[in-house]
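Each of the two complexes below includes chain A, the first together with chain B, the second together with chain C.
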Partner chain A sequence: MRFVQFAIENFGPYLEREEIDFTDRDGVTIIWADNGRGKTTIMRAFNFLFFGNIESPISTRDDFFSYINTRGISNGKYDFYTELTLSDEDDIYIITRKCVTKHGITVPESSADMVVELYVNFNGNILSADDADRLVRNIMPEEISRFFLFDAEMLQDYSVLLKADSGSGNTIKEAIEKILGLPILTNGATDAKIIRNKYEEEENAAEKQDKRTAELGVQKGKRLEDKKLQEQELEGKKQQQQDLLNEMHEIDADMQKVTQLKSLLEKKKRILEEIERTKGEIAFKKTETVELLKDAWKWFLKEPVQVTICSLQAEVSTLSSKQASAKDQKVIIDYMRQAIETGTCPVCDHKATSTEKDHINDSIRIIEAGIKGLSDDELAHLHQNTQMISGLKMLGLNEDHLDVLAIKCKELNNLQIKLDDLHDNQLASVVAAISGNTESDEDYVRDLTRRSLECEQKLEAVAEGITGIEAEIQKLEDLIKALSEQIKAASKGTELGFAQAKVRFSQGVEEIFTEAVGTYREQLRQKVEKDATDLFLKMSTEEDYDSLKINSNYGLEIMRDGKPVPHRSAGWEQIVAFALIGALHRNAPLEGPVIMDSTFNRYSSNNKKKIISVLPELSDQVLLLANIGEIDANAARKDLGHMIVQEMTLNRINSEHTTIEKGAN
Partner chain B sequence: MKNSLDELLLVLETLRAEKHQEIPADVIKTIAMIQKDNQESTAVRQGKLKSYIDQITDSMGDKS
Partner chain C sequence: MEDTNQFALTEKASKTAQALKSEEWFSDASDAGVFAAAYIVKKYPEFDPLTYIPHDGLGSKYNYSSFDPDGTWLRFLQARYHTETPRVCMKSLINYGLECISDIIEEHGIIRISDFI
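What follows is the complex of A and B.
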């Protein structure tokens, strides 16, 4: 099965129809995006497409109305949809899940006014609603979706597999066995047994009708009745066991919620503080920007004012030179007159002769005749120009601040994106996680612990009961078998022979499938352990970690020198989970593309490099929703080489409109 | 990934060949495929399995 095209419209920030076209090549498609652009919405869109739920495959509190694009609402467009085109050899499926306004509602006001619809086009034919639903559940069973659609938080869940008798662990174990194909065998064994019981009833009816076997047939009939009753009781006990396991699962989940609640509340507090801080920064930047914009009109005058200043300065320069020159000449004349009056040069103390004095007088006349100081008009002009220059300079047009303004606008835009992300994604997801999770007091925790213990005790009792009933059934089976042998020896009727043959045949099928469950399960465990170790070592940065060891729940321990590594960090927990998912895909008869949302925030750059390198081993098609900055794009391209089939970018037009563009920015 | 179903079938075939040679090899494979293709509906699965075993045992009875 391959993804061909995914489309989304009017859902979250995706106002218009946006498409992701998958190529025919195997490898990794990366969609790059900053926070708040709509990566998580793409994950949620896949949840919506496959399961009709948004927050998670099993969420029951989805507020569909809140996912309508807000610009869409303003434009009177309320319906949203996701669409996936798949190919499976020669078959083409187009799955469309829509959320539309209920009949009779013109303007929806809440999710109660909306309805979800599913359509499947199979090779050009529209399937009935039931067939469409069945087909989609077959393509992506909810129980195993965690191996195809996951984020960092889901990777963290796998640690429960290391805990014995964990309700959540049991659920994940069932999911693991489902993806590995075990139900083919377990259901085969159960179905064959049920069918064998039916054949035994038919056989017994034939035995009672045959004169030679009637008496033995009646005896056997009683045993069969007893066995049926025991089997019904066993069924009841198994149901009880399942209910208890489900209860344990819920208690585990509640326990986890309680421990998570504090950190969620802490996280919410941090996000709210960050929101306030960001709002403050936005307000400050806005004030700065407004302040800058106040004088913006002046920036447009910068050039003509500068030309004017230059021209005025030129005039001032000319007039000032003329004025200075006249002043200098007057100083010289003063010196010359002083020399005539005192008979001595005031500069060099030379004694002037009368001839020289006459000569100096001549020179004074010539110089005085040549002195051209400023006229009254020129003086007024000089004064006026000087004042104008000073006035124009006071406008402060030396810097136009356009660059500064551009930087401020960009900073403001980034802060707004950050605020949207904090508010619409981070806070919304924490609030959603907190809602319905308000119990946190000590009494509640004590009550959970007590219920957990009670549940464990009941489970033990039920398990004992099951063992007892199974032993009783086995005894009856042996008795029935012995009676059947006697009947067989006494009978020769064709009708009975046919009935006996059907019982034997179904019994043989049952035995083969029952034994195969244990054999194949053990084989799988070994293969999963081997493949998970192989992937783990490719991702590990610790040279002394030598393998992973699997337990009966498919929990994986990191081994160092033959001993389990205690207290592994959350980052290592996720790497182990990655290795498990990869190993499951390698060994699963069910196959399909893997979609993963930013799962790299806990890793060192070396870990990231190694994890990215193994992505193509997870599945033929891998869609990675990557946070810009979380992964070094150039390094990822180098590490993936030809296995990176395409790159796309989520482009934010505004907070209500994101587009999916081909290529990386 | 692609070989895992073959491996599951191989386990079944090994057990059949060891202990139940009276059951033809392709019958077990067909039953496994019925299981694989109808995992989401117990009633459909069991119905298909019973009618298949009826058909096989009837044809075996006819031959004998």
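What follows is the complex of A and C.
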């Protein structure tokens, strides 16, 4: 399955239709963006597309109204949609999920006035609503979406896998086994057992009817009845165990809420500190800008002053030339007059004849008539212009630091955007999440801890009960087997052969499936452990970490000198989770792209470098929504090399309008 | 036309100068006026202050010297526009400049100095 194109319109900050074209090359597509540009909205848009809901810490999953673009609302445009074109070998799917106003409503006021519609175009044919829904659920089952659509913050959730009997851990484990294809085998084993039980009943009915085996058949029938009762009890116990695990899951979730509240309060504190820091930076930058602004008018005037000087100089030059030309002609006339008066040319000493003197006189008259010196006005103009030029030069408007001012202004704008994002998005979402989290007092935490302990005790008791019943069933099966042997011996030459063969066959099938589940599960665990270790070591910056060790829940421990590393940090937790996800993708029969809204702020630059280098190994297509400040773009390009298939940028036109542009800024 | 040492800005120009002052981009409204005049000279060279007639004179009144204490503008405007009424010229530039700035601020919804650099 490959993504071909993703489109979004009137959703969050995306006012107009914006598209992400995935290439047909394997590798990583990076979308660069500053905070507040709409990265998380893209993740939410994918959630909306696949599951018809929008995950957000500040709104309910069906709060669609708040996702209509605000400029769109002003323009009377209320519908939004996301669209994904997929290819699967030769098949093309176009999935469109729309949120539209309900029939009869012209101006929606809340999500209650909106309705979600799903359309799927499969190879040019529009599927029915049911088929469309089924197909989208098959393409991306919600339970396993965490392995395809994830943000780095969520990666820590995988640490619960290390805890045995954890409710959340069990849910994730089930999702992992689902992605790895294990249910195909476990369902097979269950079905084989049902068939075997049915055949055993049929066989026993036949045994009771034959007089040579009737007595043994009755005994066996009683054992079969007992076994059936035990199996029913086992079923009940397993249901009880499941209920307890669900309860544990709820307790875990509540515990997580408490932990989440603590982390939200921490986060709020960090955001408030960041807001104060940013305000300080803005004040400092503004002071610098205001200082520069004082002289900005002079820098604005530099070029116009130069242009004016040039224009004045051109006029001065024309007038001066005219003045100089007249002066030169007067000098020539003086020479000519001197030649007439002295009878000798002052230049070459030639003796002038009277004819020549007449000719010179004529020439003097002609030249005098042609001499055009400066008029009084022109003289005044020349004088005025010369004075103005020197006046303008004395103004000293020779400097231009507008480029420095422009940089300061840009820095100031960026800080303001950062502050708006911190305040309007980050702080607002944390505050909303905190206000929705009322379960915080100590009594509540104590009660949760008590319930968790009780639940664990009950789980232990149930597990013991299950073991006891399973042992009892095993005993009964042994007895039944022994009776079956006796019946077999006594029934030679009877009609029982076919019924017995059916039982033997179904037993064999059941054994194959049961064994296959265990073997496949163990093999998967080993493969996942091996692949996760391989990826982990590529990402690890600690030379003494030598492997990852998997537990029955697919939880992974970091091993050093053959021993687990205790108290690993949140950053390492995420690296381990990355490794697990990569390993699951390598081993899962279900293929799909990985889309990650990644926060890399937990990592050192060396860690980042290694993690980025490993991204192409997570899946054939990886879409990374990258925060500009957290990843060095040039380093990422170098680390990914040819595996970076394209780069895009979220470009903020204004707070209501973001565009997706090809290329990096 | 007579050159004048005292003039009033338009209401719109006056409000813009006050806004730039109250947002602390300039310590004085007259500094904002000088910035606006220079902005027009640089960015709109085709603007002719000699033919421009301000909409009204309902804004604050100023002495010309508060905009040009050392006569820099006077010399520049005389040379640039060959005018005998450089103060009237300055009045036009300030009014038009502040009104242009006001329109841009209104369009963006915030005062962003980078829009004028």
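One rule holds for everything that comes next: the second predicted complex is superposed on the first by the 402 of 665 C-alpha atoms of A that agree within 3 Å, B and C clash if a C-alpha of one lies under 4 Å from a C-alpha of the other, contacts with A are read in each partner's own complex, and residues count from 1 in each chain.
The criterion applied here is as follows: a residue touches a chain if its C-beta (ideal position, glycine included) is under 8 Å from a C-beta of that chain, and two chains touch if they have at least 3 such contacts.
The structure displayed is predicted, hence computed values, not measured ones.
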Which superposed partner A:506 touches (first chain B, second chain C, both, neither): first
First (chain B), second (chain C), both or neither touched by A:65: neither
First (chain B), second (chain C), both or neither touched by A:194: first
Partner chain(s) touched by A:308 [first = chain B, second = chain C, both, neither]: second
Partner chain in contact with A:122 - chain B first, chain C second, else both or neither: neither
Dominant contact partner of chain A by residue count, chain C or chain B: B
Intersection of chain A interface sets (partners chain B, chain C): none
Chain C-facing residues of chain A, complex: 286, 289-290, 293-294, 296-298, 300-301, 303-305, 307-309, 312, 388-389, 391-392, 395, 397, 402, 405-406, 409-410, 412-413, 654
Residue ranges of chain A in contact with chain B within the complex: 134, 137-138, 141, 180-181, 183-185, 187-188, 191-192, 194-195, 198, 497-498, 501-502, 504-506, 508-509, 511-513, 515-516, 519-520, 523, 585-589, 591, 619
Interface residues, chain C side, partner chain A - complex: 24-26, 31, 34-35, 37-39, 41-42, 45, 72, 75-76, 78-80, 108, 112-114, 117
Sites on chain B touched by chain A in the complex: 1-2, 4-5, 7-8, 11-12, 15-16, 19-20, 22-23, 27-28, 31-32, 35-36, 39-42, 45-46, 49-50, 53-54, 56-58, 60-61
